[in-house]
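Working notes, structure below.
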Amino acid sequence: MAEMRYLRAINQALADAMAADPSVILLGEDVGEAGGSFGASRGLRDRFGAERVIDTPISEAALAGAAVGAALSGLRPVAEIMFMDFTTLVMDALVNQAAKARFMFGGQRSVPMVLRTPHGGGLGAGPQHSQCLEAWFAHVPGLKVVCPSDPTSAYGLLRAAIADPDPVVFIEHKALYAMKGEVPDDAPLLPLGRAAILREGRDATIVAYGAAVHTALAAAGQLAEEGIEAEVVDLRSIQPWDEETVLASLSRTHRLVVVHEAVEAFGVGAEIVARMADIGFDELDGPILRVAAPFMPVPFSKGLETAYLPSPERVAAAVRRTLA
Amino acid sequence: MAEMRYLRAINQALADAMAADPSVILLGEDVGEAGGSFGASRGLRDRFGAERVIDTPISEAALAGAAVGAALSGLRPVAEIMFMDFTTLVMDALVNQAAKARFMFGGQRSVPMVLRTPHGGGLGAGPQHSQCLEAWFAHVPGLKVVCPSDPTSAYGLLRAAIADPDPVVFIEHKALYAMKGEVPDDAPLLPLGRAAILREGRDATIVAYGAAVHTALAAAGQLAEEGIEAEVVDLRSIQPWDEETVLASLSRTHRLVVVHEAVEAFGVGAEIVARMADIGFDELDGPILRVAAPFMPVPFSKGLETAYLPSPERVAAAVRRTLA
Amino acid sequence: MSQPGAMRSEAGAGHNAAAELLALYRSLVLIRRSEERLSRMFADGEVPGFIHLSIGQEAVSAGVMSALTPQDTIASTHRGHGHAIAKGISLDGFFAELLARDTGLCRGRGGSMHVADMSVGMLGANGIVGAGVSIALGSALAHKTQKNGAIAVAFFGDGALAEGLMHECLNMAALWKLPLLFVCENNGWGEFLPTSKQLAFTLKDLAAAYRIPHVVIDGNDVAVVAEHAASLVAEVRRDGPRVLECMTTRVRGHFEGDAQKYRDPDELAGLSARDPLDVTAGQLKALGIGESALADIADEIAARIEAAVEAARAAPMPSFEAAQADVYTVSNAARENA
Amino acid sequence: MSQPGAMRSEAGAGHNAAAELLALYRSLVLIRRSEERLSRMFADGEVPGFIHLSIGQEAVSAGVMSALTPQDTIASTHRGHGHAIAKGISLDGFFAELLARDTGLCRGRGGSMHVADMSVGMLGANGIVGAGVSIALGSALAHKTQKNGAIAVAFFGDGALAEGLMHECLNMAALWKLPLLFVCENNGWGEFLPTSKQLAFTLKDLAAAYRIPHVVIDGNDVAVVAEHAASLVAEVRRDGPRVLECMTTRVRGHFEGDAQKYRDPDELAGLSARDPLDVTAGQLKALGIGESALADIADEIAARIEAAVEAARAAPMPSFEAAQADVYTVSNAARENA
């Protein structure tokens, strides 16, 4: 049992995966000598060599395309894109190549690659270094999308993503990198597509993922003081997502609020709500509400950014509203 | 009053916009000498000159980025991306530059550009030439997204998109290019963000856009034979979308089905459902259902593709189910 | 299909050279007749979708592939039939795919623009101009990492040279000395516009900037292609990337159904003088190979093609459920088992 | 800020040259002192987010901008303070933006990586490596279409040369003979890795491939930069694209807070010998400009900066509602009015 930070859990998962499987390689800008812009691959080049921990030029499209080609040719590449905002440059490799190769070639071969990238605001990094774009990838058949909320799940999900035969977009939250948590020495792989109930409650279900899980937990704490018991579901995987767990929770609480940091309109929450408005309709005793970012770019100024990000207060208010 | 095909209505809108405003230019691959891969710009180079109808190299990222720069410098560029699948290559220009420039520069300048692109299947064009990716763009604050269903709205919306001060992604459906309709000689600009009710009905509301509008209308025809009167709402604009019209219709019918050709999961329909499951919750007398593409790439084979695309039968069945 | 000991023109005439040239000719004919057959079936509405034929460009495919081993990988373009056939994919699987059958190489899910056969190292045609180059780059990286002695080949058209991805790949291949052969099929066109109106540079100058050795050759003479491919492939295996630029001719328009009205009729008419099959047939005659040997090849290939077409026609259509289950490797199993 | 009649070294010494060099020096000092001020405020936690300083690279900004008119446009990079200040943006607006105030050039919505002032043709710093080049390309296209006689300038770092977009833009600029000056600030680094490990080519060779005339100069001598910029800008206005590569020095790390432990201490120590301000101060002395003139400039600029900082500190924070209303030009008006 070791306490470690989220960033270190990522690093440990990369190291353990590389030690276990020689076909795992890392590639990305500054992942090698510098150990990653945020430090996720620190020490790995020294340990596994420059042939397996590859510094690329500033050529996102080619490095992502190369990951696809390498995955089709026997490797398990883990590519890093420094900020999720820069995934705008790798959409073709992910969407038209990685996601479709298995299907469009008739199931001949899998594409076992992972694309790691951090999303999210809170650092005053401004409109082009803070976006949460996971809804794009969740909409693409053939991709899997994962977003852990703490060190334990970061470790377990990253190991599972690397072991997975299909392309996985693995999303980290920059503001969680410093968060501490327990990661046992032989921590298990966590199955993709499986949610976790982090707090039980009978009055309402709050579904969240990534950093927003902590916003949801804080809201649940506030609500408990008023006697409202909210259940908090950490989705962990966004595609596939665990609709059974969400439905089961909704069937107990009959109220649903979905929380994320991405823009609300056409975001991940929309799918969760839409699905529950179909298969969970008869369980609903109140409107399904979303708490997410407003329809604007992520602003630079601290004050604006704070107002932009979902807060425990807004989540608690939404729970109260659906209970009203 | 002239009857013309959808493709010709696009062509006419481009011509009229260029004649009315010398700052309008067209750029794209084969838009000039060849008049466009589908013929949308036929004749325009001869009429307006090679300086205003510009054949670009096969460099999607640069042509889209150039459209942003030109729009910041006094022009109104209309860029063509030959298939919507290739917008994977212009995401940065659209999302990090065009969409954010106004906001992130503090409102100093607008970005009056249009990116035209055809989406959709039905031509056996396979997984990389058939996708409907509009949900991506609708999720991006700063972009507007439009998708006309017939020649009249194609003309009116394209004129409005070109006149609009903000970046607009204008989506055409390849399978509609041959469709005929009336376009009056001085056809009006149609406001962005405004839906149209194409068929009235009291029993259920079907919301659709683009080619799926015709699937919805066909379904409504089938249902009418059973005595079920479905109202068909053509969204026309996806971002912003006309939630007042949808809510008003839902308030009359109390049942809602959303139809589109894009993949259902995390698609445009999810947002419409999610919004109505919030603001329209009290009006709902049945689950909100979606009829859209399954979670798989668009297959090549005719049989597979037909099974993939939403059909009037599936829409009618969904209406019956929500009424049950 | 591959020809490990490839053709050298200086190797002298005699039995060996003739046999090698005949094998190359067979590959040319197989590609040509297959595409002609497709062209007819397309006109009849039997082949759905879009198809881009490599008629007039076959010598590039046949020549380059003659220098590869089955372990070598290739990534192709929208105009990929020739590459696929020359790399040795199953002809039955090819026709079945073009006819969208369940027995197709891609089980009817991909079609012409996505023909692939991983078992022979054909990593796929590609509907996205330039994308195959990055896939070949990654494949070359995998070969190098795995130290398996194989190389990768990236095929691309002259129009693709305008894509930024192309340049990123040239840089990375040069930087990392990857075992990657860049093969440009320079047919002078990108869709409906001459590439002279699309490119302000030549591949020769570009390759020089990246310090990747570059050779430009007559891409319609399969003996020339095979000879240069053999020596470049050896260099790539040993030293890193090379560029082979093949000057060739797009005969049938950008896609089937393109009447090429935008092209000078004289230019079009002149293309037949450079027909790769005619060029090679002439050389074979000069080497003493008689008409009857060529006729035998023609007959044999016609029979193979007819058999493939008939098998495809008789084959079942793909099942929707099976297709849907193949999006992921283990469809939703993690979810259900966990 | 712009210097229409730019510096020519052959113009002889005397009053004119000294006055021009002094103006350039003033621009250097303004950038340097502004960034040093920011650096201190950043260390104190007063400037939020990331900042990338151009300390050591000021001569590129000051020199190039001296050759431009206010109608000429520039697109910049993540390291854009120098470009912005030299192009003549409001210093008050600049500091207010870096301090995230409502009076900032971008009303606190953009910050360091998005500083822009359209009124002086500064089309924005950019957080996406390479993206500004395509924006400058489009701006040059607009100038050409509008026949307004203006040119556009694309600033980029050496690391950005690996981005495919860069190449697409070089090709299009050359193909269309656009009035576009490419200015590379070659500081030898892309983040934490020397660009020698990122690039297999030189910009000189690359420009040659695109047949765009290229000049490489000492980017730390503002007189040299101004002289070459003046002649290249004239060429661009008349004939089309040119590339100006400025060899320069990144002194303060990739971003503020980067201790540059990955750099050779000797190399770092040696940078001061090439300090652009010292270089120019030395030249001014040789031209007979005394210490007191330089001290006057220093005082004047220090006062301007302090005034800007104080004004920024006193300015209000931006309002969330106003920011939200500025995503579109006429927020939802079409919807409500229609």
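Here the chain labels run A, B, C and D in written order, and each chain numbers its own residues starting at 1.
One rule holds for everything that comes next: a contact is a pair of C-beta atoms (placed from the backbone, for glycine too) under 8 Å apart; a residue touches a chain by one contact, two chains touch by 3 or more.
Since the structure is predicted, the reported quantities are computational estimates derived from the model, not experimental observations.
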More contacting C-beta pairs: A-C or B-C? The answer is A-C
Computed over C-alpha atoms, the centroid farthest from that of chain C is that of chain D
Rounded to the nearest Å, the gap between Cα centres of chain A and chain C is 40
The distance between the C-alpha centres of chain A and chain D, rounded to whole Å, is 37
Per the C-alpha centroid definition, the whole-Å distance linking chain A and chain B comes out as 30
Multi-partner residues in chain D (2 or more other chains touched) are 106, 108-110, 114, 126-128, 162-165, 168, 171-172, 175, 197-199, 323, 327
Going by residue number, chain B touches two or more other chains at 56-57, 59, 61-62, 85-86, 88, 92, 96, 103-104, 126-128, 141-142, 295-297, 299-300
Chain B contacts chain A in the complex at 85-86, 88-89, 91-92, 95-96, 99-100, 103-104, 126-128, 133, 135-136, 138-142, 239, 262-263, 265-271, 273-274, 276-279, 281-282, 284, 286-290, 295-297, 299-300
Within the complex, chain A is touched by chain C residues 73, 75, 97, 104-110, 114, 116-119, 123-124, 126-128, 131, 133-146, 152, 164-165, 168-169, 171-172, 175-176, 323, 326-330, 332, 334-335, 337-338
Interface with chain C, chain D side, in the complex: residues 162-168, 170-172, 174-175, 197-202, 205-206, 208-211
In the complex, chain B touches chain D at residues 25, 51-52, 54, 56-57, 59, 61-75, 77, 92-93, 96-97, 101-110, 141-142, 144, 160, 164-166, 191-194, 240, 242
Listed in rising order, chain B residues that touch chain C in their complex are 29-30, 32-34, 37, 55-62, 85-86, 88, 123-129, 294-297, 299-304, 307-308
